[in-house]
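Below: one structure in structure tokens.
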Amino acid sequence: MSELTKSTAGAGPAQTAPAAPAEPAIARVTQWGEIRHRFLANKLAVIGLVLVALLFLVAIFAPLLSPHDPYAQDLTNTLQGPGGDHLLGTDALGRDQLSRILYGSRIAVVVGLASIFLACVIGIAVGALAGYFGRGTDSVLMRIADVFFAFPLLIGAIVIIIVMGRGVTPVIISLAVFSWPTVSRLLRSSILSVREADYVLAARALGANTRRIILRHILPNSIAAVMAYAAFNVGGAIVAEASLSFLGVGVSPEVPEWGNMLAAAKDFMGVKDYLWTYPSIAIVLTVLGFVFVGDGLRDALDPKLR
Amino acid sequence: MGRYVIRRLGQMVVVLFGATVVLFCCLFVLPGDPVGSLGGDKARDPAVVEQLRERYGLNDPLPVQYGNFVKNLAQGDLGEDFTQRRPVTEILQPKLVNTAELAITAIVIDIVIGLLAGLVAALFRYSFWDVLITLLTTMAVGFPSFVIGMVLQKAFVVELPWFPLISDGTVNSLILPAFTLAILDAALVARLMRGTMLEVLRADYVKTAIAKGLPRRTVLFKHVMRNSIIPVVTYLGISFGTLLGGALITEAIFNWDGIGLALVQAVQQQNNPIIIGVVSFGVAVFVLLNLIVDLLYAVLDPRIRLA
Amino acid sequence: MRGATSAKWVVGAVIVAMSATACGGGDNKADGGSAGGTFRFGITEPTAIDPVNAQESEGIVIARALFTGLYDTSTDGKLIPKLAESGTPSDDGKTWTFKIKAGTKFTNGEPVDAESFVRGWTRVSAKASASDVSYHMADIAGYEDLHSGKSDKFAGLTAVDATTLKVELSIPDFEFVKKTAHSVFSPVPKVAGAGDNKAFNDQPIGNGAFKMTSPWQHNTSITLVRNDDYGLQKAHLAKVEAKILNPANGSTLEYQGFQSGQFDYARMPTPQLTAAKAKYDPQGEWISGDFSGINYLNIFNQNAPFNNADARKAISYAIDREAIVKGVFQGLQKPASAFLPPSFADVYQAGVCTSCVKQDVAKAKEYAEKGGLKPGTVVNFGYNTGAGHEEWVQAVAQQLKDVLGLDVKLDGKPFKEALATQQDKATSGLWRQAWTADYPTADNFMTPLLSTTGIGEDPATGKAQGDNRGRYSNPEFDKLLVTAKATKDDAARAALYKQAEKLAVDTDQGVIPLWQRTQYRLVNSKKFKDIKMDFYEDPTLAEISLK
Amino acid sequence: MTTSSITAEVPRQRGEGAEGPVLEVRDLHVEFKTREGVVKAVNGVNYSVSSGETLAVLGESGSGKSVTAQAIMGILDSPPGRVSKGEILFQGRDILQLPESERRKLRGPKMAMIFQDALSALNPVFSVGNQLGEMFRVHQGMSKKDAKAKSIELMERVKIPAARSRVNDYPHQFSGGMRQRIMIAMALALEPDLIIADEPTTALDVTVQAQVMDLLADLQREYNMGLILITHDLGVVADVADKIAVMYAGRIVEQAPIHELYKRPAHPYTRGLLDSIPRLDQKGQELYAIKGLPPNLLKTPSGCAFNPRCPKAQDICRTEVPALLPVTERDGTELAGRGSACHFREEQLHG
């Protein structure tokens, strides 16, 4: 795809990386004030921001908010429906669902942010090098990106987790390893389009050196596109993380985590539906929060598309 | 053009090579003996284990194993799986058909729903329908496929028994998994379609087309569509490539006997020939579809030069 | 053991259990039942249906419908003669002579004679077959040579004449006859060829109550039709359809299939058992049975902290089996207080594992103290993932933490990896394990799981290649087993086994029994009669008839 | 009608038919609804054009000249734009009253438009042959093959070299001048009675500009069409236009036969425009520029919209909107076809 004179980057792997707009958003850094204004004028974006803020608060204050110890089992009180002492009921080991959902936000936040951050760091480094130097460097780096891009995310992640063992860190690493190519492609194509922009040509004409041009002129402008992608895809990463748990290869099952809760609840379908509905709602609200924020950010950066 | 395709196919081989090398290295360092146990946690007779290791060349060093794999692959042979000891190609073939069935249905749903919704939203911008569609498509992006799958299952299998849980080979059993798979992509297609179409509708050549006295449907379905569809085709192509590689979660939820499910099981059982077969296939299809999309892009947009 | 059936990596499908009431066996002449009808049920894709490698219950149910061997086994461990008119051991227990019923045929017309048994057993043990189940024949003289490829003849087998099969063993075994009930001991016709004959693997030609008229549709279905030339009591059903389901959710599919009328027999996912029982038990469509299996904790006997019996007893005392059965299994499992199953009536000793009978916090602490199991000790607790064990292992881990203050580290792994870890000499701690019997002998539990030979340590790597991966080893126990096997008198032999179990499971606490193997099924008793479960927890196809 | 209208009766110079003008715009108002408010883009425009006649419409961007043209063609972005008032008489019929299907049939066979930037006005993904032929296929039901032959013929008519071999090329493969010729060919395809050319040469090199203008003028003459030439460049129109209408803030501020306007502008804005043309005889002097910026159409200045920039503005200019009124000689004889919307038009004209 890299050979097209017109970039088609931005269409990521279908299951996890929703397409960024076909044209990379280009915003001059001086426009941040206006971008913020446009963002805040967008109702959904603000709702998203509130949801994300709530998520962070819940994650930070989970111990204060939780009515019970999320690990405490009560075998005499298993599978109690919602109500009474346990607002959202208890699971098959008599643990309080509400507390487990509240604590589950911690894993979601950590994995979501860390894996996307890591993916962005790798992706930006590779994409910037490829986009700026072009030619041989570009070819080699983009072929490597292709290899990881073409790998199915979940399978790659499962293999890495089996090698590294279960746990939060392996999950973060495995998600990042297979999602950085999207960032690279996005950044690279954005750089390619910015590279010939007037202000970069002007900088070059004024005798700025390569490194300076990348750091001062190209990156800040290309990074806008990456940021919108990142915000949007934190949600995707959280889903992927829950999917791994759902498939039984994520974090250990005793850890309060939404995917784990769903995996344990799956066979109770039709008899104890509250076991999977509440964690599902938690996931959906979280993902929507990030999606709204990502959307809002994209629209704010590129208002044409509204 | 011809040279371009050849060069791209060459790159494809490089990517496939890279992916299989990465995969081999991963599988090689996995703890556990892939032929060490039976279906359950019962250890195999050591003599049988040794015999099987020999038979499948598992005692060879990694480069030799990889060399053999490449040699066999060149002849279209993916080896024998470790549990049933049947040819991998024979095992995967019907599963591939199932996955393809699902992928095609899903992509058709994507196209129909996605394009239609995007079209309506763009044409009636800011109308009730636009707001509704924008809201729904945004929501859809927020629903993980396993949640969608479980909700659909609960609603249309358990509560309203309209669809069978077990595939009975009819279109009926295809509908729920295909929808589960399609919802996200359909939403993304709709969003993409709306965005590009709004841009195209503003283009000068649309004005020209109207000024030429063309009927509205010609303007819309010839001049507007043809231009709006380009990024959508790109997206759908790549998405189709991913779908064909097997949908792990959806196939697991709906017990769809496709290569995605086979892959998950194979990973659990360390049934390496199946893993290698499915992943190689998935990567190859993905890269190939990327190439096709690029070619299609050049056909759809004459400004693109393939170089 | 037949591949820990339930343990196919099945996401969330623990199917266990059943009750003594329904076990048939005996005589089912199905009087009044009418012939015909199609019986439909679901299975997961078997490894093989050819007796040469049929191993898990899904494969065995088909193999046993297609082939009839010398004996069959009832759920309570009694032998039922099939083609054998008699089976007689020599006084030293090393030679068995079987008289075979004359005049029966394979469905292709070939006669079923002593030679066909020799052929079948040789085929299984031959090197080229690389059979996973050939080890059942390991005690027959000449097995090693045949299995290693040194010979292509099974030295210990002789077809004396058409109806006389002589089997010479390398060690005395007065219970060998019970082994022959396993499908691996089936006769095969000449057309079977070698063990890897793909055509025969997919459409075996047998001598059973049913036959296949079309090959196995992999991942789709296996269809059996009645063998009208069957040499013994003919089946009633005209047809049996085994629909092959995705193992990812096999039991859920079976259950849903039963509810929607697609199946006449089904397992259920554990979480649905309570609801299913409430609905189907009153209609007489719910059957249950206790089977010859055990769920237990493997405890790594040779590494700290469990290298002494006191520490191991502390663990057993600390577990509240009753509470877990009630809370997690919704009362549908039974706590085990012995290692051998109650179905082996002659050797079963309820409560032989003293520490299993009831949770005893004080005793647990006392033994922990004695065994040097201090609070805070790190204990690894392994289990295989995706087989529905996630819940109860957490409950056990919690009790160990609560009672003994141990730092329990749960470690879920997929099968192959789990096995590799268990085999490692350095592994310590606990591991979830289950076993179901291949044939109704105490030996089938004790030798592979508790004897020193059961460890099968590879001298080079130190890996435990056998099934005794907890590495319990006591020469006294080993001697008792050898003696028991060579004891002709049933009662005397049973006494020896009881003594051995007491030593290994109580005195030494080499393993920690948890719950018995109980199984539940839904059966379409409105349409069919005599649907029961056999020793292998499969439907008794040959006896079912239309109402 | 607050603004008294004079539909300038220009002496017919080339026209033959005396049945009246091809197009007559009467008191046209166009407004756009935006989030910030209603933008009144056109406020009571009147003009007419006859067969064979060329009307130049002059104005800065935002003056409403293009919007008027789009309203005539019926290609306003709607919503948000709409004609709020007025009539557009095409060959005597008020086409604003026609249903869309009828209006569509006018576009192409009866009236056509040439856009400023041919690169963006031609659809990038269809060959020029396809886009040219579309006219014949849609309006005349011609077969693909015939349409193609016609396309080649048209391309030859607008002097595109090697038309036959280039008919299947795409717009981006042509040079700017050639692309504009294709636009012209497309407009001419069905020999309409009226062509509106919206800044047809702005995007072109100066040398090419003249060629394209000449071609347009030649073809107009040949087909005897009415031509509305929209431009912001007084220099372009001098040679080709018959009469001129100067627009400012959605109104026509001056109307005159072309040469008279050059000689004696009757509106300070026109004066300013003329003064800002560089002239060889004034080398060395500082170039004149109209002060200030074009008005914001959301809040047009009260009175004469030009008053903030007008060097001669008086109090009345800030309170009363001047109507477009005839201009007279000092002796009071009315100047045919001339009008100005300035309170001090006579002073401007004579002073």
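Going by the order they are written in, the chains are A, B, C and D; count residues from 1 in each one.
Just so we're on the same page, a contact is a pair of C-beta atoms (placed from the backbone, for glycine too) under 8 Å apart; a residue touches a chain by one contact, two chains touch by 3 or more.
Heads up on the chains, UniProt names are A = Peptide ABC transporter permease; B = Dipeptide-transport integral membrane protein ABC transporter DppB; C = ABC transporter substrate-binding protein; D = ABC transporter ATP-binding protein.
Predicted model only: the values in this text are computed from it and were never measured.
Comparing per-chain C-alpha centres with the mean over every protein C-alpha atom, the closest match is chain B.
Set against one another, B-D and A-B show the most C-beta pairs in contact at A-B. With centres defined as mean CA coordinates, subunit D is found 93 Å away from subunit C. Per-chain CA centroids place subunit B at a distance of 54 Å from subunit D.
Subunit A and subunit B, compared by their mean Cα positions, are separated by 21 Å. In whole angstrom, the spacing between the mean C-alpha positions of subunit A and subunit C is 47. Within subunit D, not a single residue touches two or more of the remaining chains. Counting partner chains per residue, subunit B shows two or more touched chains at residues 30, 252, 264, 267, 301, 303. Contact of a single residue of subunit C with at least two other chains is seen at positions 11, 252, 385-386, 414, 417.
Residues of subunit A touching subunit C in their complex: 71, 73-79, 92-94, 162, 166, 247-249, 252-254, 263-264, 266-268, 270-272.
Listing the residues of subunit A that touch subunit B in their complex gives 1, 3-6, 8, 11-15, 18-19, 21-22, 44, 143-144, 146-147, 150-152, 154-155, 158-160, 162-163, 235, 239, 242-243, 246-247, 262, 266, 269-270, 273, 276, 280, 283-285, 287-288, 291-292, 295, 304-305.
Partner subunit B is touched in their complex by these residues of subunit C: 1, 3-5, 7-9, 11, 42, 45, 47-48, 55-56, 127, 130-132, 134-135, 147-148, 196, 198, 218-220, 243, 245-249, 252-253, 256-257, 260, 262, 384-386, 414-423, 433-434, 456, 458, 464-467, 469.
In the complex of the two chains, the subunit B residues touching subunit D come out as 203-205, 207-216, 218, 222-223, 226-227, 230, 300-303. Subunit C contributes residues 11-13, 252, 269-272, 274-275, 320, 323-324, 326-328, 330, 385-386, 388, 390-391, 394-395, 397-398, 410, 412, 414, 417 to its touches with subunit A in the complex.
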